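Notes for the one structure printed next.
As written, the chain order gives the labels A, B, C, D and E, with residue 1 at the start of each chain.
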Amino acid sequence: MIDVLSALLVLAGVGFYLTGSIGLLRLPDLYSRLHALTKADNLGLGLLVAGLALHSQELLTVLKLLLIWLAVLAASAASAHLIARHARRQETTS
Amino acid sequence: MSDTSLLVLDGLLVISLVTLAWTALAGSDARRSVILFMAFGLVLAAAWVRLLAPDVALAEAAIGAGLAGALLLAAVREQSRQPLPARIVSKRSHNKPGVNIALQWAVSVLCAVLAGTLAWALAHALNSAPQNALPRAVSANLEASGVSNPVTAVLLNFRAYDTLLELAVLLTAVLGIFALGPARPGYQSAGPVFDGLARWLVPVLILTAGYLLWVGAHAPGGAFQAGATLAAASVVLRLAGRHQIGLPQGPALRVVMAAGVGMFVLVGLGLLVAGRPFLGYPPPWAGGLILMIESAATLAIAATLVLAFLGGQPRPLAVRVARGRIAATPIPTGKPVSPEGIRSTEPHAAEACHRIQETQKRC
Amino acid sequence: MSELLSVSALGVVFSLFLGLLRILRGPGAADRMLATQLIGTAGVGTLLLLSLLPGQQALMDVALILALLAAVAAAAFTGRQRRSRND
Amino acid sequence: MLTAQWLYGMSGCLIAALGLRTALLHACLLHRLIGINLTGAGVFMVLIAVAYRGAGMPPDPVPHALVLTGIVVAVSATALALALARRLTAEQIND
Amino acid sequence: MTELLIGLVATPLTGALVTMLLPRFATSVAIAAGVLTTVAAGTLLYGVGTRGALGYDIGGWTAGLGIALRADGLSALLLMMNALVMLAASVYASAYFSKTAERARFWPLWLLLWTALNALLLSGDLFNLYVTLELLGLSAVALASLGNKTAAVQAALRYLLVGLLGSMLFLAGVSLIYAGYGTLDMASLAHVAQAGPIVWPALALMTVGLLLKTALFPLHFWLPPAHASAPAPVSAVLSALVVKASFYLVLRLWLDVFAEAVTPAAASLLGVLGAGAVLWGSWRALRAERLKLLAAYSTVAQLGYLFLFFPLLQALPPGSARDLAVGGLIILALTHGFAKAGLFLAIGIIQQRSGHDTIRELDGTAQRLPATTFAIALGGVALIGLPPSGTFLGKWHLLVAAFTTGQWWWVVVAVIGSLLAAAYIFRVLGHAFGHRAYPNQPVAIAREEWPALLLGVTAAVLMGLAGAPLWRLLEGGA
């Protein structure tokens, strides 16, 4: 039962990854791409982490997984913000 | 993993690597090339993982994709702010186009020949039976090496002398950088989002560095990866516009820079005096001695990489520290320095800078 | 399970590959940086999936470093240098 | 014979050649430096490919250690080159 | 006794650390470390002379798993030359760099360079050689940039890029060797390596990389600016020792480790490039306007002579004739080291005292700086190859070997090169002894002139007398 759930979560995560990257590839401008990407890959990684955490037996592994997820979440949120601001600044100065 | 899916994975990775290398090298936009180079580093780290080289993957992720990228980006930024004629362009490319094209062809052919030779010889080597004597010797002596991660055993025991000289290379590079002048100007304080990022990223990086150093004895990790991660913490602080980025000052800084080579030489000579070969650790002590050397090396590597990022001798901070505005602790106090805080010290800072400007005229 | 893990890893690697196309296409530096970010996250995902295969626990550490250093790289991309030494 | 060894080894040769060409020909210093670094990366790929012994087999740890050393040496050389370039730019502005 | 081998690396390295930590005492610490290293090199030379080749396994691990240091006659002799030249240049530098800040920058890098030179000559492991090459390259670049003028920084940058490419090619060759033979230990490779599709490309890659660093024509383009714009003591060791170190490696690989794989055609190619270097370098030296540039081009030419020996050694069967030729090659390399170092130090004095080194404006130098001019003349005697200099001895054996093997055309090259050398040296001396009366009194600067003079005497007189013991050492130690 748990195995099935975990497998579903992992697959859903992969799905989000793919959606995010397709969005990155197909959407017309930087800001919409940014939006698509941050939502998708954080969710993708989140689902992945959830699936893997269910699957794993050790507490330490689960904790590490969570730490990685948080790291990526915060880093990508902040960096998306920074990149957007950077791009914005380039636009206004040029 | 099944053979087919591995093959698909290999194909994707190799195509990505070659394409990224090709595009990073083409064109004239330096910033584009640097970003592509960083992406190359990320994919290369994945390739190392695929080839069962997690130690190398760690170093590549930390140094190749992270710090080298930061270093190059800082250089690009500085270059792009200079007026065009001052940018470093070799004169050769501007004279006679005919000669130029001939030269390009000649060099391209030469490179193709070199690559062909390399590939031809590699094909022969791969076709013959793999040479397993040395890896067997490594695993046979692993017990006596004091660590259970074979890569760490090679780096810090069997071939420790290489590592000693490599730390000397790092030291030489940073002494050379010092001799060239003062550090590049710092960064503007970057606002709340960046500060928020820095506030949690820095402690996590420092903790991770400690973890990598510790885990290196029996799993992938070790002094280089830990040093690079520690350096990344400092670089983040610098990027966030802090003045105090955890680097010690004056003589203490020199001690830290010399720590890696120094500890190595001390241990080596100490063992020599005790009647053992240079760097011949007695097996029961080996683990402890290696950890000792690695700790010193981590600090030295981190300091060196940060100094490389600064691009010169750091400016004296004595003025500001004396006024007690910035605590001289390596770990951030949690309270970011506000822009007002920095501005209020401006006269002093300006004075200190004036002295430096005399030697370098323009910053 | 290991079959599922490797197929999922392939899926994530494929999305990494798509990110690569965006890197090549640009057009701006910010687009490229964004795509690099995706490559980093996808790399983390792949490593996590692979780390559950037997004997590969160390990959989780690689994933951690990748996640952290990707943030550093993004910071390096956006940081603004002081114009002169005294502002 | 392992396909992975061939794939990574041969593309390592290719990448080294591409890097070398740029390092020799490009007008811009940063590109040259990236070229040198990629040449190094290509050589490292050859070394790690040689170390590979197939899935499930422990690889040869010696080339891994060599590549780690090589990465650190490469980054210190790059840093020194960038510092020299910086100094040169400053000098040229003064002139 | 064998601990000397690691001591020769550890002493300058420790010295570098101490000078870095105690900048106030940097000069005295550095000189002390230099004296110690020289004593160690002398003892090692004596040891190799009496006991034959020595080896030291670092960490106690057998070579292959670990790294071994090895010293035979060739490396012991070069170590001795390194030590003497470095020590003389150190004494000179202690007067040359007057400001405390300059000294604090100079000494650690200087001792790191010394470490690299010793480590390179002693290393018995191919990958370790790559690391020492990088250490040597980076410390040399850092020292060359200390000139701190635009020209110096620019030349240093180019020097760095070329050096990096050279070591990358070397590393590519090393990787191939590891792929094919699974070991990096040179002694065991000498037993197992066979001519074939792995060794040939590997040797070619390593050699091209090393030739780039040795500045063999036509890969010499980076050398003249780098050597001509560095501070005088740095120029001296760059020209005398640093290029010699990568040459030593070529020698080691071609005559020792992969001797089996060397073909006559490849050796002839090196000979042709050497001939090109002799002619082109001498010609450019003759046309040079500045003394330092003259000395730098002369280095390009003198390195060329060394490569003329390769086709001869390839053609000579093992035996006493070949040993004599090898001895001639080594004595040529050693003499050039002493002569060129002395010459650069003397030029440094002229440059500092008169503010320039333009050859046409040297008139009166002989009256004002008699000892310095004498040092230049001594170096010149050695560069031309007049008796009793070591160069004369070396070229004599080149001639003998050329006639023995019937390859007389190399003699033509050597003769033309020597005539050109005589022309450029006498051009300098002619200007220095120019008739214009100079108002100033003669000046003597002991700490700067003595090293230059001693190096000149060693090259022009002592090396010529050292022939017999040198051959004995090479035979016993090789």
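Please note the rule applied: a contact is a pair of C-beta atoms (placed from the backbone, for glycine too) under 8 Å apart; a residue touches a chain by one contact, two chains touch by 3 or more.
These numbers were taken from a predicted model, which means no experiment stands behind them.
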item: Set of chains whose contacts include both chain E and chain A; value: B
item: Least step count from chain C to chain D, where 1 means the two chains touch; value: 2
item: From chain E, the most remote chain by mean C-alpha position; value: A
item: For chain A paired with chain D, centre-to-centre distance based on mean C-alpha positions, whole Å; value: 30
item: Whole-Å gap between the CA centroids of chain A and chain B; value: 27
item: Computed distance of Cα centres, chain C from chain B, in Å; value: 18
item: Chain D, residues touching no fewer than two other chains; value: 16, 20, 24, 29, 33, 46, 50, 62, 66, 69, 73, 76-77, 80, 84-85, 87-88, 92
item: Of all residues in chain A, the ones touching two or more other chains; value: 67, 71, 74-75, 78-79, 82
item: Touching two or more other chains - residue numbers and ranges from chain B; value: 1, 67, 78, 114, 118, 122, 125-126, 130, 132, 134, 138, 159, 162, 166, 169, 172-173, 176, 180, 184, 190, 194, 197, 201, 204
item: Chain-chain contacts as defined at top; value: A-B, A-C, B-C, B-D, B-E, D-E
item: Interfacial residue positions of chain E with respect to chain D in the complex; value: 127, 130-131, 134, 137-138, 141-142, 145, 149-150, 153-154, 156-157, 160-161, 164-165, 168, 171-172, 175-176, 178-179
item: Interface residues, chain B side, partner chain A - complex; value: 190, 193-194, 196-197, 200-201, 204
item: Sites on chain C touched by chain B in the complex; value: 2-3, 6-7, 9-10, 13-14, 16-17, 20, 23-24, 26, 29, 32-33, 35-36, 39-40, 43, 46-47, 50, 53, 57-59, 61-62, 64-66, 68-73, 75-87
item: Interface residues, chain B side, partner chain C - complex; value: 1-2, 5, 8-9, 12-13, 16, 19-20, 23, 31-32, 35-36, 38-39, 42-43, 45-46, 49, 54, 57-58, 61-62, 65-67, 69-70, 73-74, 77-78, 81, 184-188, 190, 194, 197-198, 201, 204-205, 208, 211-212, 215, 219-221, 225, 229, 232, 235-236, 239-241, 315, 346, 349-350, 353, 356-357, 363
item: Chain D residues touching chain B - in the complex, by the definition given at the top; value: 1-11, 13-22, 24-31, 33-35, 37-38, 41-42, 44-46, 48-53, 55, 58-62, 64-69, 71-73, 75-80, 82-90, 92-94
